[in-house]
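Dropping the structures in below, format is structure tokens.
In the two complexes below, chain A is the common chain; its partner is chain B in one and chain C in the other.
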Partner chain A sequence: MNIEVQTVVEVAAYVGGGLAMGFGAIGAAIGEGYTAARANEAISRNPKISGDIFKTMLVGQAVAESASIFALVVAILLLFMKVPFPTLLKAAAILGAGISMGFGAIGSGIGSGYPAAEACCGIARQPATASRLTTNMLIGSAVCQTPAIFSMVVALMLMFINFGGASLQPTWAAYLGAGLSMGLAAIGSGFGGGLAAGASCEGISRNPGTAASVTTIMLVGQAVAQTASIFGLLVSFILMFKSFPESTALSAAMALLSAGICMGFGGIGPGIGNGMAAGGAVQWVARNVEHAGDLMRIMLVGQAVSQSTAIYAMVVSLVLIFVV
Partner chain B sequence: MAIEGADIVKAAAFIGAGIAMGLGAIGPGVGEGMTAAKACEAIGRNPKEAGLLTRTMLVGQAVAESTGIYSLVIALLLLFVV
Partner chain C sequence: MEPIRQTQKKYASRAMTAAIIIGLVFILAGQKPLGKGFILGTVFSVINFILMGETLPMKMSKSRGKTFFFTLFSMVFRYALMAVPLIVAIKFEQFNVVAAIFGIFMIQILILGDHVLKIIWPKRQQRI
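And then the complex of A and B:
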């Protein structure tokens, strides 16, 4: 059976488009569903301001939707893109782009649902804080979207950068690995950032006087939770731009693919864990603002320890890329 | 492309190392984050005991870390020894 290179590239683009949109639809749908559920709860508690709650729900859902809109854009580009010089390497890069965007949208979609849900409940509890809550919700869910944006950037780079005369073996595995590394590592950070943002909306509605401290500690916590996805971005950049000596050995290719798998999965847990720690700290800063300093300190210590396994994963994937 | 037995073994060891460390990192990351969240809650409720709570949190996280270290050890064994 003789398959033309053009056909392989098209197959990769269609499969990649399917993966991007299929996986990319999971997160936003769950997050928005959670928001809608909590909005119903909020309206049943305080039906008089149902209009405000409904509006906040829609704004929050629109932000959560953006993760899957990124996936839709990448999927449509993949379906209709024309590849000027089709090569087998380009086919691998295109498939990697679909993987990166598909997995990368899951965490941000789920995560952005939490601040929107807590903002709806918060408005039912304290209608006077509605504008403050909406602002905090928008800041928090915008930060949740960063991992999805990283994934989109990696996907677009894989699709449109001309990587030139890199050798097919083993570079094809590096492009797939780049997609896996970024896509999977984005799941944890997006979800974790959402936990922190949700806790901050809840905290502000319970104790509006603490809003400034709560927003600050939420942003610090979310920033630390993003580190896992930044490690994923770093590994995928190395995989995309390092030139690998030509080698037909299977092991050379598998080392690069494995580097992406290792960093990708390794980023999930620490991202979620850091978000939980940030959520716990934010929740209690709202209740006990005099001890915000102590809480920030213990949050950062706890996050640093929780980050360690992501660092191990990064070390193993760098060893796989540079040493073996 | 001729694939030799030794090459397949090496490729499998590399993939195994990536899976061991990658999946092995999920549990400790989530578990230690939960510990830190609860430690924040405890300090929020009883700030006087911050020192004791920090110590307890760190000991608990160190124990939860052990499985992550096992994964790292197995990954490094697969990369350099096997």
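And then the complex of A and C:
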């Protein structure tokens, strides 16, 4: 069977577009659904302020939807993109772009649902803190979107950068690996960031006087939780921009693909774990602000230990890229 | 549902004003596709936000089965709607794709910007 290169590139673009939007829709839908579920709880607790709760839910859902709109943008660009010089390498890059965006939007979509949900419940508990809670919710949700933005950047680079004279073997696997590394690693960081942001909204509603400390520790915790996705981004960049010597051996291609898989899956757990550590710290700072310093230290130590598995994954990925 | 209407009115009117001003600046600077793409994206971002808010109370007043299908239809419809400016910008050279992409995030940018400004200048906001 003789298939034209142009057809292969088109197929890759359609499959990539499908993967980008299909997977990209999962996270935002779950996040928005969770927000709505907690908004119901909030309204049943305090029906008098249902209007304010609806308003917070609407604004929270609008921001939570951003991750799936990133996916929509990449999917539409993939479906309608024109490739002037179609090559098999371009087909691999396009497929990698779809994978990066599709997986990358899952964590951020789910994660941004948490602060919105907790803000709705918090407003029902403490209506006077509505403005402060909404601000904190929006800051937390915006930081949750960072891994999805990283994924979109990698997807756009894979789609539009001309990688020129790179050899098909084994570079095709490097591009797919780049998509997998970024997309999968973004899941944990997006979700983990949401756990921290959700806990901070709950904390502020319980003890509004601690808002400044809670928001600061939330931001520090979220920043550390993003590390796993930054490792994923780093491995993606190396896979995209390092030139690999031509090799017909399948093992060379598989080493590069495995490097992406290793960093991608290896980044999920640490991202979520770091988010849990940050969420715990933020939750208890709100109850015991006098010991904020101790709680933050414990959070950072816990996050550093939890981060070690992502570092192991990155080391193995780098060995697969540079040594094997 | 007055608070929802007020929120919609606030962000929708700000988004349209910003889009018209930025679009006009681009058009006057001779970058017509950028201006038109930005305005196109923003218009659909505003429509999406209005539909989101308008369908919220409708979802609440139906049975569980109907709510599920209504929500599903509303989401599919809104996403299909958001794809329109992108497809138009890709198909027609009069609209810049990148500007249309920025336009469809206009509501989100304004919501975040509004609250970031409140943090930076809290006293000024209170006086207003």
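Assume the second predicted complex is superposed on the first by the 324 of 324 C-alpha atoms of A that agree within 3 Å, B and C clash if a C-alpha of one lies under 4 Å from a C-alpha of the other, contacts with A are read in each partner's own complex, and residues count from 1 in each chain.
Everything below uses one rule, namely that contacts are C-beta pairs under 8 Å (C-beta built on N, C-alpha and C of every residue); 3 or more make two chains touch, one makes a residue touch a chain.
Everything quoted here is computed from the prediction, not taken from an experiment.
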Side-by-side fit of chain B and chain C on chain A, or clash: fit
Which superposed partner A:A196 touches (first chain B, second chain C, both, neither): neither
Chain B versus chain C as contact partner of A:V59, first or second or both or neither: second
Chain B versus chain C as contact partner of A:F80, first or second or both or neither: second
Which superposed partner A:T134 touches (first chain B, second chain C, both, neither): second
Chain A as apex of chain B and chain C, Cα-centre angle in degrees (nearest 10): 170
Touched partner set for A:V214, first chain B, second chain C, both or neither: neither
Partner chain in contact with A:A259 - chain B first, chain C second, else both or neither: first
Which of chain B and chain C A:A249 touches, first, second, both or neither: first
Partner, of chain C and chain B, that touches more residues belonging to chain A: B
Chain C versus chain B - closest C-alpha approach in the superposed model, Å: 28
Chain C - residues contacting chain A, complex: 1-4, 6-8, 49, 52-53, 56-57, 75, 79, 82-83, 86-87, 90-91, 97, 101, 104-105, 107-108, 111-112, 115-116, 118-119
Chain A to chain B touching residues, read off their complex: 169, 188, 192, 228, 248-251, 253-255, 257-277, 279-281, 283-285, 287-288, 290-291, 294-295, 298-299, 301-303, 305-310, 312-313, 315-317, 319-320, 323-324
In the complex, chain B residues that touch chain A: 1, 3, 7-8, 10-12, 14-15, 17-19, 21-41, 43-45, 47, 50, 53-54, 57-58, 61-62, 65, 68-69, 71-72, 75-76, 79-80
Touch list for chain A against partner chain C, complex: 25, 29, 51-52, 54-55, 57-59, 61-63, 65-66, 68-69, 72-73, 76-77, 80, 131, 134-135, 138-139, 142
